[in-house]
Amino acid sequence: MKTHRVKGLFNNFEEAFAAVSDVRHSKVPGIGIDDVTLNSPIEHPEVEEVLGDRPAHIPKFTLGGATFGLVFGFLFLAAAQASFLVQPQGGKPVIPLPSNFVLVYEMLIFFAVWTTFFAFLFTSGLFQRRGNLYSEKVSLDQIGVIVELNKDQLEPLRKLFQQHKVLEIREEEIR
Amino acid sequence: MVIEKDINEQIKWAQINSDVLRSMENPRKAYWITFFVCIAMVACAVVAEIYQYRTGLGPSNLNNPHMWGMYISTFVFWIGMSHSGTLLSAILHIIHADWRKPIYRFAEAMTTFSLMTAGFFPIIHLGRVWNFYWVVPYVSARGVWPNFRSPLSWDAFAISTYLSASMLFLFIGMIPDLAICRDNARGFRKKLYGALSLGWVGSDKQWRHFRKTYLLMACFLIPLAVSVHSIVSSDFAMSIMPGWHVTSFPPYFVAGALYSGCAAIITLFIMLRYFFRFEEYMTLAIMEKTCKLTFAIAMVWTYLNLIEFAATWYGHDVYSKEVLIAKATGPYAWIFWTMIFCGSVVPFALAFQKLRRHMPTMFVVSLLLNLSMYFERWMIVAPTLSMAMEPHQFYIMYASVVQWAIVFGSFGWFGLLFLVFVKVFPSVSMYEVKEMVFHRRRLINEEAAAKFHRRSGDPQPGAQPA
Amino acid sequence: MVQWIRTRMFRKYAHGAFHPVSLGVALILAWSMMTSTGFAADVQPPGGVHKGVDVEQPIEFPHNIHVEVNKINCMYCHTYARRSKVAGIPPTSKCMGCHKIIATDKPRIQKLTEYWQKGESPKWKKVHDVPDFVHFTHERHLKKFVFDRDYPVEDVKEVCAFCHGQIKEMTVAKKVKPLNMGWCAGCHEKNGGPGDCWKCHK
Amino acid sequence: MSGKLNRRDFLKALGLGGTATLAGCDMPTTVTLEEGKEDVVSYLLPEEYVIPGVGVTYASTCTQCNAGCGVHGRVREGRVLKVEGHPDSPINAGKTCQMGQALVQAHYNPDRIKSPMVREGGSLVPATWEKAQALLDEKLGSKANLAAGRVAWLTGTVSGHQRALITNHLESVGSNHHFAVEVVNTNVWSAVSRDMLDDPQPQISLDKAKLILSFGADFMGTWQSPVHFAGQFSRMRTAADRGALIQVESKMSMTGGSADLWVAIRPGTEGILALGLANYLIANGVSSASLPGDARDKLAAYDMQKVSNATGVSTATIERIGKALKNRAPSVVLAGAAVEGQVNGYEAVSAIMLLNVMLGNIGQTILPSGKFPLQQLEAKVGGTRDLAAFAQAAAQKQFDVVLVHGANPVFTAPASLKLDEALASVPFKVVMTQFPDETAMMADLVLPVSSTLEDWGTHVAAYQAGASNISIQQPLMEPLYDQTRGFGDIVISMLAMRNAAQYGSFKDYYGYLRNVFANLKGAGATASLSPDEFWNNSLQAGMIKIDSTPRKHTVKASIAAIDAPAADANFPLTLIPSARMGLFDGRHANLPWLQESPDQIAKVVWGSWAEIHPSTASKMGITHGDVIRIESEAGGIEARAYLTNTVHADAIAVPLGQGHTEYGRYAKGRGVNPLKIVKAAVDAKTGELALFATRVKVSKTNKNEIILRLGHSDTQHGRRLVRTVSVDALKRTKGA
Amino acid sequence: MSLKNVMENWSAYRKDAEAGGHHTYEHRWAMSINLDLCIGCNACSTACYAENNLAVVGPERFAKGQAMHWMRIERYWDVEDKEYPDQGASFLPMMCQQCGAATCEPVCPVAATYHTPDGLNAQVYNRCIGSRYCSNNCPFRVRYFNFYSYYESAWPEPMHLQLNPDLSVRDKGVMEKCTFCVQRIRVAKDKAKIENRKVKDGEFTTACAQACPTSAIVFGDTMDPESKVSMLWKQHQVTRAVYKQHKEDPELRGYRIFEELNVDPSVMYLERVRDTTV
């Protein structure tokens, strides 16, 4: 298993990307792109392309939530309406579709939004300790590239980072 | 024509951080004065509401034909105002209009807060306030449910959905900024922001999920916003009252909502820009774009207004026609014509660049637009209540002190929430301004762009590394 | 099965029971349990318990002695029950009808006699009280559950016990049934009572 | 043992908590199930028919006006909840007017006097009955030194055994001064009927008429027996050949609101129009055989044009009325208060009655009434003549003691009569009343009487609708207050003071009535019953039928010339102090239901207003709601102007009822009393006050106030809520 | 709240309003008001105050438009701009029309107003939260709102003793309206049930109909073909659940107000007749 974690802080974003790209192209033997994490103050869809296909499953949860909202919403409303002690009817159907559509629509969105939110909380790796490698600079203007690696790969990586004008390298041992 | 950049792309990121964070510290005297004025307004409303709660709705001067009065028109006003945040944030996000970025945060906060204000009104206006939860479908041993046919119970659904969705949207969009705050704060604040930022570190995984979530939220928020104001419109349109039973009400309400929201954004834009020295971010160029957008919406609103009048005029529903005539000539005529003037004529000021760039003018214009929008809501609610079907019961309502106090207090409450917000949360999205700056800079920086494109030999997404 | 869903779908994300889906499933299950209770039968006295408070009465009337020991029919004293919406407290003259002779040495009876001689009625406290906006009629209920069923009138206390509990075991009457709307409505549903709000609410 | 029982406790409610309130009063409450909070009091000794929770109905008689309608009171748990019409009553046939509906409110009124009051040092202070009795004994008892004719009774219209007792009391004190005052009356009509037909209260059969021509007679509102006439009117309207109503008046009355043809007439000229119509009828072939020989010549002076000039009614309209009268037989022509209340009221009513004679209505729609056999019980009908007579007599210090009951003369007397001063000069004034009214406030001794619903009584209506009846009033519940006494009980006790031999044996009025009923028994067709059976039957029925001998109408028509009231440049307008169903002459101003119930035509609530024609108003620059000052020679009042075209341009109408200076929280200090500025002119023949003949001038003040009214629109805005069809369509659909 | 209920109601899911919805009406209370007989005397409205515990609001609140008269008599003038009216006024007794397809019902958020199996618009006071939407959606504007707690002010002691215990005294914040004297209906139905018979026509009537001196108001059960009111409806060829009457004889006087809104009122008015030939 990987024993160390190394973080390089870059000021120049292009260089940071280049470093990631280099890692990806196996400039350092034994380190794959899956070992690389990027810490950045802004969102970089382009960079993430470089990082490769890392899936986000949130839409599935959203779909699930929406479907649940739809089905549950309708069943809930229909059951409530049909079992209401008194039917507020006056010649109108017990389960009035038009108004239920409106409510089901709202409930669909309601559940979709909340599932999305919870899915985001639970799938995006929040609620973790920031770790020793975390630098407050990342929230300012610097980009951090974190690589998990074995001890023997430390040196080549440092070199690679320095090649790309790294500002600062932090290391830590995992266990 | 002055062609101007939306933002100075040379601005330093550290500068962004410090500018925004500076706006969050050490309130000045003016802030405290405003703050206590707001508190006083809220206090008035609270006193009025307690009085009304104990006495009944009588002191508000509501009367038999005119049962809703300013409570519901104010409710519609606040609900309408909440739509701007959604518009700027979600719609512009989806269509990749990145000039939204410096101003969407406060707009979104406005959404949430005006919803939080609006939500009070349907409750306050109830005769038996303490039973308001009966409109919520909860399982009760009595076997009774709310009436799901009633647009008012739709309101309960719609507002709770919209409020939670917009709060989530605001919150999610703020997480990276909260992390920035956390990293720059000390003591109690650090703990607060630490908890609120949920352990955000800006890793690519977080960003990736963040992007998806944000997009999905935006996708849901747009139809939601439309549906919410349609549902609010159905409070009126679903009734059979002349002047309310109007097919075009849903789009009319949505247009009016966007209109009032945009007007409020301009107001707050100018105020924030002035008070927090956000000239660098809230630039005149963005202002112009906002103004143009507002102008467009104003014209849509005007068009829908005319359509409604025409449809009523040429339609066969005599009652509606009489209500329309009563609007234009009756006791509410001055409100009607003020609304038309401020809502359809004044926005032409937005069509002139000179005026658009003149902040005091824009401030006044935006206030007039807001006024027009308030009057619009009044004109929707009041004439139909006062002059509907039964001539015997034609009667107008003069709002009492109690009613005025509660309506004023709602402005105080909104202001209070907003004032707290600007000091507790970043009112300009730092990370997104950085993105904006970054992308702009990259776009004009040919060299950087070229450098980036050279690397397009990188493997395509999905391919395994060699 | 829930475990299966959890392991299959939430392997990585299982942070306890709070999942939208499992919440929904639980809600639906709870719902169906609630809705599938009960089938109309002849007479099903409603269940439900209420922890009544002890009510202080001017005279601690021992229901148990009258009902259980002396086998007096409820409607002998609560005579208006079959003729009116209220069952009524027996007129003091009725009490004195017996107690001029019977048990005159007991302190409670002496208290009663005192009232009688003053020409006053004791101020009883209402135990089985329904809200003022409720219209409840003893007359119709007795008609349905006693007279229409040809239920032996001697045993009417069993019918009374539907709502008043086993009065024969109490001294001072105590509320032991909830007498709230859900409770009433449940019985109405089981026994085909009217479901119309205006039948009971006024 | 049970003899010690107070009947009050005995009938007391089985838990007054039966009054339902919704979930607490002030604070939100969801917990409404309470154990051991509410008291339940059982009956001590139950009556067989009393079942808690079940209402019992008792028959009685309404005393809100003098029509004497039979009522059914619904009693539950010892309290009266509602009053409905007695279905078997020949007067109202199960129906009630709004005043009758408010009977319960007079009973439960919070402003009732709860104990006797004695004047001490200038102000009235509560006292005990012992003290009150002692005072009465001192002034009126056997030891009192009363010269003949020094005691006077001042009442409203009074009948039945109450009247008999009053008469007896006057006898016992050696006096015969019984003044009956009533502002709303038909005394001139009665006088004319008596003189022309030999029948003071002829039966009027509207349901047989094809046409009613009413000169200001508000016969469904305030005239004689309104509910009875409303029922007849209903039958007339629904008859196969629908009868029509022509109303000629200066201010639209409630009855005028249902007119097929409404004619505004210059105030005080109704008689001229009647003569003009008579002239027209003769000229157009209606036989004048029933008229005196010189009629034709006398009437010829009233040619169309002259009448039109005098009355302000166009010749076309006169012709229209004339044609209708000629073509539609039988008809009935009525005269109301506005005609009677003139200085020549008698002549005007005579002229109107003349039309009935000419048109052959006598015997068709105007029928002889039965002669009531028990004269001592017959109604002593009040009038305004007695008001003036009393004021005069009292001012001349003719009385030592005045006993007032059922009247509020201080409120109703015009200021110019100076009745209040005259009354004040009487050394000892006893007022028997339920409410602290203006007269009571002047009294030396105020005796609180029981309400109608607590008291015994018998009534003989002045207008005997259908058959002759004695209506019985019985207590429907125990008195609300310990310190009130029945009127009969008080008079009996006063009689016992003077004549213990005859009256000392009666414990109370009830005992007296039981006694008299035992004698009355033979009068009806119920001779075979035992006294107790007869009594119980009578109570159950609420009335006793009396066999009366029908009168015979002998027509003695005469024609007198009528002049229009003289114009007066200083006082250009005529004041119309109109009474209406509801507040009536002001006696119901303390009933909030009736205060909040709008005037039928003007729809105004809770206050006074002055109806003025827009053309008159615009001449003076008066707009709606302006406070105007109305001044006559006798004084001035201020009221809000109500612009309406339902009042003649030469008139200004201020409704009666308001302007109380006392009379409880609902009446006090509200509006103005137009009677106060009425000039005390009298009708020469009958001596009744000419209430409608006062000339006034109007001036603006610079105040404008909102007129409180029900409804905010006088027009339907084209909504066709009320649709109208012509009578032809009705006929085509065969009455459907 | 049973599965059975769900299934039954589901199968009755859509039946058209013309067939009475999924109601099997036991009774269908209705009125007929002959406007030709209405003399505007207010007896009905005062009777309503007495029967239904209506609060007297007093002049100040009346001025604000907060009066509480379930039954009001509207008075209109047909022609303005004349020197004097040449005929009487148009009186219109107006109270809740107990619409078959009432617009107040679907808008109540808590179903406090609903349709009873007797065809009445029920207003359940203790369920009402006072959103006042029903009143706003009532074309007749006959719903009255308790703007205050009137218990103390309108019934000072001992007036509260007059309160009818068969129905609640409404507290502040509750909507109320004419109920066709449901407390009387309830008693009559209970009595009929106990005696195992149907409610007879004329056995009871509403307070207003009982008081009306001219008998302009007729109340009864239209499900009973023998009742006076159903005969009247039939005679005037007024049918329910249509928004336009197709009468064989268009001159028949029966009509319903705002019928064109398809609210199906239960009150038939007979047109006022004016004899212009006199």
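Quick notes on this one:
As written, the chains take the letters A, B, C, D and E, and residue 1 is the first residue of each chain.
Note that in this section a residue touches a chain if its C-beta (ideal position, glycine included) is under 8 Å from a C-beta of that chain, and two chains touch if they have at least 3 such contacts.
If you're wondering where the values come from, they're calculated on a predicted model, not measured in any experiment.
The chains other than chain D, linked only through touching, hold together as one piece. Relative to chain A, the most remote chain by averaged C-alpha coordinates is D. Chain B and chain D have CA centres that are 66 Å apart.
The mean-CA centres of chain B and chain C are about 53 angstrom from one another, to the nearest whole unit.
Centroid to centroid, with C-alpha atoms defining each point, chain D and chain E lie 32 Å apart. Touching of two or more other chains is recorded for residues 1-2, 5-6, 67, 72, 74, 76, 92, 94, 106, 108, 111, 114, 125-127, 149, 166-168, 174 of chain E. The set of chain D residues touching two or more other chains comprises 19-23, 26, 711, 713, 715-716, 721. Within chain A, contacts with two or more other chains are made by residues 76, 79, 81, 83-86, 88, 92, 114, 119, 123. Those residues of chain B lying in contact with chain C across their complex are 139-143. Within the complex formed with chain A, the residues of chain B that make contact are 12-14, 17, 137, 142-145, 147-149, 153-154, 157-158, 160-161, 164-165, 168, 172, 176, 179-180, 182-184, 198-213, 216-217, 220-221, 223-224, 227, 231, 234, 431-432, 434-435, 438, 448, 451-452, 455, 458-459, 461-463, 465-466. Against chain E, the residues of chain C that register as touching in their complex are 34-40, 131-133, 135, 137, 139-140, 143, 189, 196-199, 201-202. Listed in rising order, the residues of chain B touching chain D in the complex are 54, 128-131, 318, 322, 389-395. Those residues of chain E that touch chain B in the complex are listed here as 1, 61, 64-67, 72, 74, 76, 92, 94, 103, 106-111, 127-133, 135-137, 139-141, 144-149, 172-175, 258, 261, 263.
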